[in-house]
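Right, one structure below, let's go through it.
Residue numbering begins at 1 within each chain, and the chains themselves are lettered A, B, C and D in the order written.
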Amino acid sequence: MQALSFDEIAGLISAKYAPEMVAPSQGSLVVGGEHLLEVASYLRGTPELDFDYLISVTAVDYRGHFEIVYHLTSLQHSHSLVLKVRCPQDKPVMPSVVSLWRGADLQEREVFDLMGVSFAGHPNLKRLFLWDGFKGYPLRKDYSSGT
Amino acid sequence: MALKTEPFVLNIGPLHPSTHGVFRLLATLDGEVVIDIEPIIGYLHRGIEKLAEEREYQKDIPLCDRLDYVAAMSHSMAYVMAVEKLLGISVPERAEYIRVIMVELQRIASHLLAVGSIANEIGTFFTPFMYMFRERERILDLFDMVCGQRLLYNYMRFGGVSHDLPEEFIPALAKFINQMPGYIDEYDQLLAENEILLVRTKGIGVLPPELAINCSVSGPTLRASGVARDIRRCDPYSIYDRFEFDIPTRTAGDCYDRYRQRIEEMRQSLRIIRQAVEQLPQGKVNSQVPIRVRPPQGDVFVHVEAPRGELGFYLVSDGSEKPYRFHIRAPSLINLTPLREMIIGWKLADAIVIFGSIDIIMGEIDR
Amino acid sequence: MEVGRERIYSAAELDAHEGALIEALRASSQQPVTDPDEWLQKELQRNVLVTSVDAVLNWSRRSSLWPVICFPACCAFEFIGASASRFDMSRFGMDILRGSPRQADLLITAGTLTWKMAPQVRRLYDQMAEPKWVIAMGACGITGGIFRDSYSVVPGYNRIVPVDVYVPGCPPRPEALLNGIEMLRQKINARSISTEGE
Amino acid sequence: MTAAGTISQASALASDWPGNFWLHLLVFALIILAFVILTVIILIWLERRLLGRIQVRPGPNRAGPFGLLQPIADVVKILTKEDTVPGWGDRLVFWLAPLVAFVPVLLVFAVVPFWNGALLADLNIGILYVLAVSSVASVGIFMTGWASGNKYSLIGAMRDIAQLISYEIPMMLSLAAVVLVAGSLSLNEIVAAQDVPYILLQPMGFTIFFIAALAEANRTPFDLVEADSEIVAGFNIEYSGMKFAILYLMEYSEVVFIAAIATSLFLGGWRGPFLPPFLWFVIKMFAVFFVLIWIRGTLPRLRIDQVMAFAWKFLLPLALINLVVTGAQVVFWPQAPYWSLVPINVTLLAALLLLWARFFRLGGSRVGI
């Protein structure tokens, strides 16, 4: 029932996972893409962490790689955490966290629609805002509308 | 003998009297019973995130106003708070108080609209809606007095607000907060125990708390399900830790509770405004921030309690005068996640009421 | 539950169809639809019969403009504000808000139009019975406003439907909308059955 | 009970006024047509002004003095609007439906007495005729829903039929009680028999009739047929121009019909002191209109299953009890004075309503999918 600071959380995580899987950096945990589901279910399932509420999912195009950013919080302990996952630009596929947090459903679709990162295991991954046949992914830095 | 029936698909929207804008609900009906729905959105996707990344920080404030056009103050406040956090600047005391007053007034205005539209969707011929609009107009008048606009204010600035309150504002506000509790009681009198309203909302569209948490639902919709999560209390921003107010919650999580929840929150907002007016200090309302700001590299996530739920801004700065990434965590969009579970199995008429009771704004969903 | 049907479209097919429609409309509406108004200045060949019929018809049409519901975005709330108690558009006989375009006379385009929405608005306009009018409300309705540069926004409703009256503002105040309606009423008043259908 | 005929027959209009059988039909047909259309126009104006008043706004006031010409403007505009027919609809039925819906409502007025004996045909089965003919309008509404080829209108039409079938029964039973008291099926004789308005003698009958009539005319809280927030405009969604005008007229003439029947059967019809009988009839009708508009301005709408449950589980048992009680009163206590019957019946109404309301809960649960 007590809030953990970021360092404590990072300590718990690094005790369990190897640094190439999860590494704390500048107030956030950087997770390797293939380990995301494993780490996320640990974060969600461990009683002293208990990250049961996914605030936000978004993606940033860093010209070369995408960074998917997850903001988590725990209603019980009221501590929060930022997860960052990198994925390469040429193969933008991520595991979906919908099985853990349903709240990711529409947000992952949004990222897919506007950023072009697809999520493996998402139940209904199709364009959310734009229509079928829209060319390109507008939030990528190399997007130009052509008008 | 069971009657042989065939389900059929009804396309509700995008332009439908009760879709709150341009929302499309593809409902499969068996007679009157909704057996499947698929929400289709994007009819108001204006590309605000992309536009914001192409403009300077200052020019994004009007865009934020247009996100949720019935709660423009809350949205621009969240945005300027995010940029202030990036810049590492502080806000003068008086400006903080003014912001709180504005945002809480905005919450009342927005909840008035929400409650009015719930009543409208149950089928009252616009009457409660008109009554709610009567009071909403008074709030809009107050905003008009402060910043000359009725709907989209462009009032917040980095490091404060654009200008000080006019002289006549505080007396007008005092009059309003003295009268408003009476009006809220009037709505209670007219609506809360109306037999038809009760049978149309009680027990309808229950959102269990576990599902609500799992689906990241926030705001009054979450609190009506019994989860006391309010950013103003659990992660206090601005000066909310100086005020006394309750976080009302309900237990059942049905449409009736979502309606009552908003009524209660209006009362709490009035409490906050009253305290803020009493404590309102003198002083300047803006710290000198250049028009073209260049925040240092880094990212920031700021979330506030907007009328519809947890509104978050995730900004990434690359040191230039335009945001590198501008992401909005839109409460309305995420509150739609459990819509299918809530609606399925109810009648078509209930589906409309359930949808209305979540209280969404398309501008924020589609962005 | 098995009932024979010719064909049930899958969701993917429906999406693809919608997308094709949008792209086609987008390609075909790069130029504004003009709404000629030279007739407003033209001196009409009037006679007593035509003018009195005109007077009655125009009076009835301008006193009973039923707006259709088309509320995409921000301006909708100023439109609702204009029809709510304080400004009360119903004074002009506009209190009947028809959900069905067949019975409506006036399309008030309250909000930003996106390309995804454009086919629906075009259809709404086509479904309205003649005579019909369009008021483009707000900066977005006129030129796309603050969102003009966006990849998904139609720069003005006049790409899709002919517009009679433009009401600027972001959003226009209810008074401005009422003024726009007043202008539309004057425009209706200048109509004549002898020139209709031209 | 007083038998029909305490009003002297001398004051009654001759049954072939103004002198000839055919002339009588012609004159009354014109009077009814004019009366219905004029009342509808006034009713529309009244409704929009009163709704405005209820909603703290002025309401239409620009077309003519006090906006009185507003309905005229509407009518002229609608009539000169383009007449659209959906391509996928059933053209013949689409064209016929408004007529089938409107004509029966107009036919009902043939037996409504505006004055003592001033009616088109004093049928001795008047109430039966009213019930039979007024139901036909729903066939028209169903035809509109079917012919439009629109799912919304079809849902609206289905709702109308379900609602009609359910509410016809309590309505019929409540009217049967009136017939028992009056001892006649003719509307004119029922009016003549009302030394005390039957709303006092038959309070429960009136309540049931009024609720059922609201449902039959699709007024709030039973306006599911054109529920704005759910099915947009309901059955008339595809109609425009002249056909829509007729449907619009039909809706409001149903209201006039309810008011006329309620006035004749329960409010003492044309009877009243001082003023001419026709005026009394109109005044009482407008009193009913006022209540109807008031209800429209304040009450939300019920859901379809709740509407059905209300008819079958609430109104029907009460109507049966009312019929039995009235029958017993007529058989065992035929000479009962009014001053004793009125309090007894009013108390009975209050007791039964309270009792039944305790047992009866609207609700309806989620369907498992």
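By our rule, a residue touches a chain if its C-beta (ideal position, glycine included) is under 8 Å from a C-beta of that chain, and two chains touch if they have at least 3 such contacts.
Remember, predicted model here, so these are calculated numbers, not experimental data.
Trainee: Going only through chains that touch each other, what is the minimum step count from chain A to chain D?
Mentor: 2
Trainee: On a C-alpha centroid basis, what's the spacing between chain A and chain B, in Å?
Mentor: 25
Trainee: As a quick test, compute the distance in whole Å between the mean CA positions of chain C and chain D.
Mentor: Those two chain centres are 37 Å apart.
Trainee: So, what's the distance in Å between the C-alpha centres of chain C and chain A?
Mentor: 43
Trainee: Compute the distance, rounded to whole Å, between the mean C-alpha positions of chain B and chain C.
Mentor: The separation of the two C-alpha centroids amounts to 29 Å.
Trainee: Could you check chain D for residues that touch two or more other chains and list them?
Mentor: Correct list: 51, 55-57, 228, 232.
Trainee: Spell out, as numbers or ranges, the residues of chain B touching 2 or more other chains.
Mentor: 16-17, 42, 45, 47, 50, 130-131, 134, 366
Trainee: Which residues of chain A are in contact with two or more other chains?
Mentor: Each of 127, 129-131, 138, 143 in chain A touches at least two other chains.
Trainee: Show me, using the given definition of touch, all chain pairs that touch one another.
Mentor: A-B, A-C, B-C, B-D, C-D
Trainee: Quick one: in the complex, what on chain D touches chain B?
Mentor: Chain D reaches chain B through residues 51, 54-57, 151-152, 155, 220-221, 223-224, 227-232, 296-306, 362-369.
Trainee: Per the contact definition, I'd like the list of chain B residues that touch chain D in the complex.
Mentor: 8, 10, 16-18, 32-33, 35-36, 119-127, 130-131, 134, 194, 196-197, 199-200, 203, 344-350, 352
Trainee: Along chain C, where are the residues that touch chain B in the complex?
Mentor: On the chain C side, the touching residues are 1, 3, 11, 69-74, 76-78, 80-81, 84-86, 97, 99, 111-112, 114, 116-117, 120, 124, 146-147, 149-153, 170-171, 173.
Trainee: So in the complex, which bits of chain C are touching chain D?
Mentor: Per the touch definition, chain C meets chain D at residues 56-57, 59-61, 63-64, 84-86, 88, 90-93, 95, 98-100, 102-103, 105, 127, 129-131.
Trainee: Sort out for me which residues of chain A touch chain C in the complex.
Mentor: 126-127, 129-134, 138, 143, 145, 147
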